[in-house]
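Below is a structure I'd like to ask you about.
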């Protein structure tokens, strides 16, 4: 779906929530295969059984990539992804956990250099099936202004 | 390879560099499949040809995940990934571009609460075959101290 | 996105259109891998060059599956997929072709046995980048009625 | 294997049966990834547990594609897939179910326009490990005639 | 297809030949992902361009696995794969090359210990589209005897 | 990691050992998809339950490819893979088994023709979590000599 929104249209506090997705053993195998990260924390069930966390753990970049992908539902031709701040792995995600994502606009900033654009900050929170937070970050969007900022 | 290093062992300025990896159309197809992000910027060559960038662009989360995976060569049993700061998409990556990663320890911080651990910051820079920076971020590691920090 | 609609809410003539997606060599390789169909029409570029169509052809089930997947954007808790009629492969799809899908409600029928449900027919048309039809079918949905049908 | 058969060679009642294949969680993850259909019916085990069917369900297009792929064992250079009729999802397929396919030639028709070809109809029936039918359809083949049809 | 054959039924000189399959960039990406071998010879087009062979090379284990898979067309319930001898990489395989396989029974041996079985040797030769040999090996099958061997 | 070693630098008895990796159902599904080998021994859990081994077995080429991939940790620009001898499948590998690999230089040979190179033999042994050998082979490397061999 395409929804055109200028920087002026973003409302602080606007919030959305995705459906859930279960993280499977296949996801971890595919992510190891895509990234080349075959660390035993993700790939060796036998060794993991000897560790504190007992079970294989999903890659942090897997949960981040899937969670961000789950929020990619609407295209805004006036916005582009600028980066991420304060990405933190709060709890491990295990095989069989089901994650869902909430995203809330928390801040609007001037761009340090461009008057034609602003930066919208969307707080991302990924939770598991027990409503525990597993990952947080801030997604920064570079958004075109309808009217350039004044000096 | 397993190399045990305590927080005290980390040296600011220590730098390493990965080999290269070409980002392929297959990588983008697989990443769309893993994340569910089928935005036309990544998947619709026909539409992309009408846009400023002319060609399909790799997902930001793909370049980030692959780049971080490329740095996952040595396991330190005393460290774990804590999160990322200031992740920025500096330039687009196109099909056929070859990326490599440099990683440099730039900072060591006390952990705000735990005296038993410190935070080591590794600056990550992903470049393409023309030595242009495409992505930067700071990778934070939570690292055990050999000796707890004093108050 | 979840949108609840009963059989009575379906409007004949309601139409929607997806964004585009380029069919890649990777898609064909993955589909062969999923289905086990490694026929040379899809997998042997050397042999294909000696045939009338000159190039590898996407599997019919690939174009069908991807096209139907592209229409799976909104969940209606009152409807479920019942089947398909008159699925026809009108033109081959080659590597690099970009397909998009239009879907139009064309008919509403009583269910032969259940008074609590009706059948809604959605005509699916998949086209390539030259607006040529490559695949058509009718997607049948079993949809709950708000009020059971009279005898 | 290549076996050349003209339309005249097709025998109504000719039947064949495939070996079995277990539908795995990985198949569903890969099919979601190929089609972009991440509906919770297939991907969210936690939500599925609250529904009537209790467990994740394989995509209809997955079972159809795999089942048809399982029948793609012999190449007939005189035939090509023309389309499908009356595709119906009779029962859900769950992770761990093992499907097999029977295929029987049930009808031979003149082509509405071409005298050089006929249409052979192969009834496809996919069953699970309990011999319950899960999917049926009619596969239509366009088959060259050894001798053109008379008017 | 299932064809039951005892050791006595194997005929030296019996030969079969597969259809062709084009080795794609996607195959190499998937094989790297499955095996964890991301060596630049397979993954870094930029670096390969500076080497003698100029282009990315398929993994030896990829060509071997695909070639052996291409010969896995008939199941003999009386035989099982015992191992391989004299596997040699004769020429590199590049992206876009089309391989096919010939397999010929060249030898029948007593099993060193079991009188109930013999060892059948099938010479495997994988060639590219220019009929150049790229890989050879001997595939050893452990095959049940109809009648145990005499002392 | 790149470590340059000439033939003269290889030491008989030098041994290394990899970390472990659990073989998953997803690995088998992906390997079937890559090779086209959908034999019921690997893919049909229902049929396997009626056989002596009771459970699905990993493809021999999967265990070989993964095991060899696990040893591909250091690049030696003076060596290349020449082939394999005496590859034997000693025990089946089941879903959930965790394999690790030991590799030991056991022999150094003159090359039959080239005085500029020698052949180094590395004995590969793949074991499961119970320290049982599942696969052995000899990996032959063609390695450049610092000084050509005398006649």
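Think of it as A, B, C, D, E and F in the order they're written, each chain with its own count starting at 1.
Basically, contacts are C-beta pairs under 8 Å (C-beta built on N, C-alpha and C of every residue); 3 or more make two chains touch, one makes a residue touch a chain.
Keep in mind that what you see is a predicted model, and the values were worked out from it rather than measured.
Of all chains, the one whose mean C-alpha position sits at the greatest distance from that of chain B is D.
Its C-alpha atoms superposed on chain C, chain A is turned by 180 degrees; the angle is given in steps of 5. Ranked by distance of CA centroids from chain F, the top chain is C.
More than half of the contact pairs at B-C come back, by residue number, in C-E, the repeat among E-F, C-E or C-F. Taking each chain's centre as the mean of its C-alpha atoms, chain B lies 44 Å from chain D. Computed from the mean C-alpha positions, the centre of chain A lies at a distance of 38 Å from the centre of chain F. Touching of two or more other chains is recorded for residues 19, 21, 24-27, 29-30, 33-34, 36, 38, 40 of chain A.
Put simply, chain C touches chain D in their complex at residues 21, 27, 30-31, 34-37, 39-40, 59-62, 64-66, 68-70, 72, 75, 81-89, 137. Touching chain D in their complex are the following residues of chain B: 30, 32-34, 36, 38. Those residues of chain A that touch chain F in the shared complex are 24-26, 29-30, 33, 38, 40, 43-47, 56. Contact residues of chain F toward chain A in the complex are 19-22, 24-27, 29-30, 96, 98, 129.
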